[in-house]
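Both complexes shown next keep subunit A, but they swap its partner, so subunit B is in the first and subunit C is in the second.
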Partner chain A sequence: MRDVAIVSFAQHASRREESRNEIEILLPVVREALAPTGLTSQDMGFTISGSSDYLAGQAFAFVQALDAVGPWPPISESHVEMDGAFALYEAWVRLQHGDIDTALVYCFGKSSPGDVARVLSLQLEPYVLGPLWPDAVSLAALQARALLDAGQVTEKDLARVVARSRRNALGNPYAQLRGEYDEASLLEEPLYADPLRMHDCPPVSDGAAVMVLAAGDRARELSEHPVWIRGIDHRIDIQAPGSRDLTTSPSTRLAGQKAGVTKDIDIAELHAPFSHQELILTDALGLDETTTTINPSGGALASNPVMVAGLVRIGEAAMRLQAGEGHRAVAHATSGPLLQQNLVCVLEGQS
Partner chain B sequence: MEFAYTRSTGPVVGAFLTGLRDRKVLGAKDSTGRTVVPPPEYDASSAAPIEASTLVEVGQEGTVTSWSWNPVPRLGNPFDVPFAWALVRLDGADTSLLHALDAPRDTITTGMRVKVRWAAETVGFINDIACFEPVAS
Partner chain C sequence: MTEPITGIVTPIRLDYRYTPGASTSQFLRSIKEGKLVGRRCPRCSKVYLPPRGGCPMCGVEFAEEVAIKNTGTMVTFAVVNVNFANRAVDLPYVTAEVAFDGTDTTTMVLLKGVAPEEARMGMRVKAHWLPESEWDYSLVNIDYVEPIDEPDADFESFKELL
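The block that comes next holds the complex of A and B.
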């Protein structure tokens, strides 16, 4: 395997964007990510994006977004209808071919123009589930109830996740929801999608993120502090939510094992749009909160740009390693309903 | 704008939907011995195709294994007022089917007994099940 590193990362500060379109959001983020490398998008061996046409409400919307990187003269590029984290995986595989040394990964999504909880129904199995249009919040609430009923967690545990997320987000200029909240007052809030409260659900966020990857010595040339991808793996659970145990995530557990998650993880960035999902992921990855800092960015509960929040987890973990906040990190991204698909990667800074 | 795709539902899902038209709920025996409702086209453990000839009928009453409250009904939902979603393990099945549950919020509990309420007209679609409703005690 070739060693591949993250050499640069940039993200848009999540919020509801009323006036700017996807390309206008993306363009300055592409420039910011490229700047420290001294490269242009034309220098990249491979370019790949992650986005969803269903958010834009338009077929092949991702083609228009290529204007943000400039596809002329023709560049080698690809696209996944998934979060940017899964685009990163394709770029990592492409770099393993050995004939190129650099790749640009970008992703974007505007959730705010539509009803994103309903739009996400379109990812469901289309014959016996999709026609009922169960929204993403209602489904998440079914999972939370299963977890609470099983006695594995309490409502207080959910409030603790939310309070920590918003407290950590105070130090994250890109986050959308931040502040000091105590668990007791969070629990006094009314139930929304019983058993979830509004604060157990993610905000509606528009965003974009861009990452530059490089292999081997090229990474050392481009960055004084490259962050190496030591392992990466993507696994999938059964599609039908009623046919699997919603209180566990076997695919995350397996991906974590394959990616090489061990006990010596300093930082974990977990893509958990709902509070209870962070507890499922922490358990599946065998993380111990007393030794591993969980979601120092605030995570997806603090800002959840759909199609972007997964790559942001990897970028946030990488930037913290680059800043010397730890040596080894795990980053996780999810896709599909109720943590159906999970990607885990293990990152290391320079020793 | 919508794309008017016509889908073929396949031998197993097709048989399940035809069963609904006939007011029966069918499940598949998978390679681990579980009876899976709704039945998938492929076995989740072995990835082998499920044979439609092995489908079995399960009960029309079952147990709520999880539920949630939907405060914002959306276009296409079974109800146009706030309602509950439930995962229901029908008698004879080892997995749960998701559908709406027509019951007052303060009466719903995990473990409660419910039954299928059929639509007035059944056509071979998931909405042939109008919803679940509590079994009168």
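The block that comes next holds the complex of A and C.
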């Protein structure tokens, strides 16, 4: 395997974007990610994006968004209808071919124009469950209920996740929801989708993120502190939520094993849009909160640009390693209903 | 023997509140007032109509707004012999790609005032707008283009737009 490193990362501060379109959101983020490398998008061996046209309801939005990288003369380019983290996976595979040394990964998502919880219903199988239109929040509530009923977690555990997310987000200028909250008062909030409260669910976020990858010596040339991808793997559970045990995530567990998640993880960035999902992921990856800092950015509960939040987890973990906040990190991204697909990535700073 | 199920109908409806973005919004506001406004790329100097978010060639934000003339060159066209839904137009008609003077992009409009067999690439045309009372945030404000009494544009001058 070729060593591949994250050499640069930039993200848009999540919020509802009323006035700017996807290209206008992306342009400055692409520029910010390229700047420290001294490269242009034309210098990239490979370019790939992650997005979903369903979010803003615009067919071929992913083609239009290419304007943001200036693909002329024509560039080698690809797209996944998934979170940018899965675009990163394709770029990593492409870099393994050995004929190119750099790749640009970008992703964007505008959830605000539509009803995102309903839009996400369309990822369900279209014959039996899909036509019932169970929205993403209601499905998440079923999963949380299953977890509580199994006695694996308590409502207090959910509140603890939320309080930590909001507190950590105080230090994250890109987050949308932040602040000091105590668990007891969180539990006094009304139920929103029983057993979930509003704060157990993610905010509606529009966002974008861009990452530059490089292989081997090229990574060392481009950055003084490249962050190496030591392992990366993604796995899928069965699509129908009714056919699996929602209280556990076998695909995350397997991806974690394959990616090389061990006990000596300093930082974990987990893509858990709902509070209870963080607990499922922490368990599946065998993380111990007393030794691993979980979601120091605040995670997807603090800002959840759909199609972006997964790559942001990887970028956030990488930037913390680059800043010397730890030596080894794990980043996770999810896609599909109720943690159906999971990508796990183990990162190490320069030693 | 049970009849096999060969299909089911599952209605899908999603509602959106579309955000065109800053450049396109400016374009739409202008066209509501009967003006064509493009944007220039600060790097390659090309002018886009309508402007989207940035220059697709250079990947940079647009710079200044550029007022676009009502005259232009028909760089290519199609003679349409089949009616589309909702188009109350007599057949055959001509759909034109027009580069309005001052832009480096083309806009699709209807060509009128000339028999389809007379349409030529390079033909000089002028926009005919709907009555002011009907202007909306839409390119449909330009009802059609019609030929003007000017020599055809040289092929070399517009071949890049094809």
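Observations
Basically, the second predicted complex is superposed on the first by the 351 of 351 C-alpha atoms of A that agree within 3 Å, B and C clash if a C-alpha of one lies under 4 Å from a C-alpha of the other, contacts with A are read in each partner's own complex, and residues count from 1 in each chain.
Here is the rule we go by: a residue touches a chain if its C-beta (ideal position, glycine included) is under 8 Å from a C-beta of that chain, and two chains touch if they have at least 3 such contacts.
Everything quoted here is computed from the prediction, not taken from an experiment.
Partners subunit B and subunit C, once the complexes are superposed on subunit A, both fit on it without clashing. After overlaying the two complexes on the shared chain, residue contacts for A:R118 are found with subunit B and with subunit C alike. Between subunit B and subunit C, an angle of 90 degrees opens at the CA centre of subunit A in the superposed model, to the nearest 10. Applying the stated contact rule after C-alpha superposition, one finds that A:D135 touches subunit B and leaves subunit C untouched.
Once the two complexes are laid over each other on the shared chain, residue contacts for A:G216 go to neither subunit B nor subunit C.
Of the two partner chains placed by the overlay, only subunit B lies in contact with A:A240; subunit C stays clear of it. By the touch criterion defined above, A:R145 reaches subunit B but does not reach subunit C.
Of the two partner chains, both subunit B and subunit C are touched by A:P126. Once the two complexes are overlaid on the shared chain, A:G336 sits clear of subunit B and of subunit C alike. Look at A:A193: by the touch rule set out above, it reaches subunit B but stays clear of subunit C.
Contact with subunit C, but none with subunit B, is seen for A:P71 once the two complexes are overlaid on the shared chain. Following the chain A superposition, subunit B and subunit C show a smallest Cα-Cα distance of 5 angstrom. In the superposition on chain A, subunit A positions 115, 118, 126-127, 131 are in contact with subunit B in one complex as well as with subunit C in the other.
Those residues of subunit B lying in contact with subunit A across their complex are 7, 9, 13, 16-17, 36, 38, 40, 44, 65-72, 74-78, 85, 87, 95-100, 105, 110, 125-127.
Within the complex formed with subunit A, the subunit C residues making contact are 8, 10, 12, 14-25, 52-61. On the subunit A side of its complex with subunit B, the touching residues are 115, 117-118, 121, 126-129, 131-135, 138-139, 141-146, 149, 191-196, 238-243, 246. Remark: subunit A residues 17-24, 26-28, 30, 41, 54, 56-58, 64, 66-72, 110, 112-115, 118-119, 122, 126-127, 130-131 touch subunit C in the complex.
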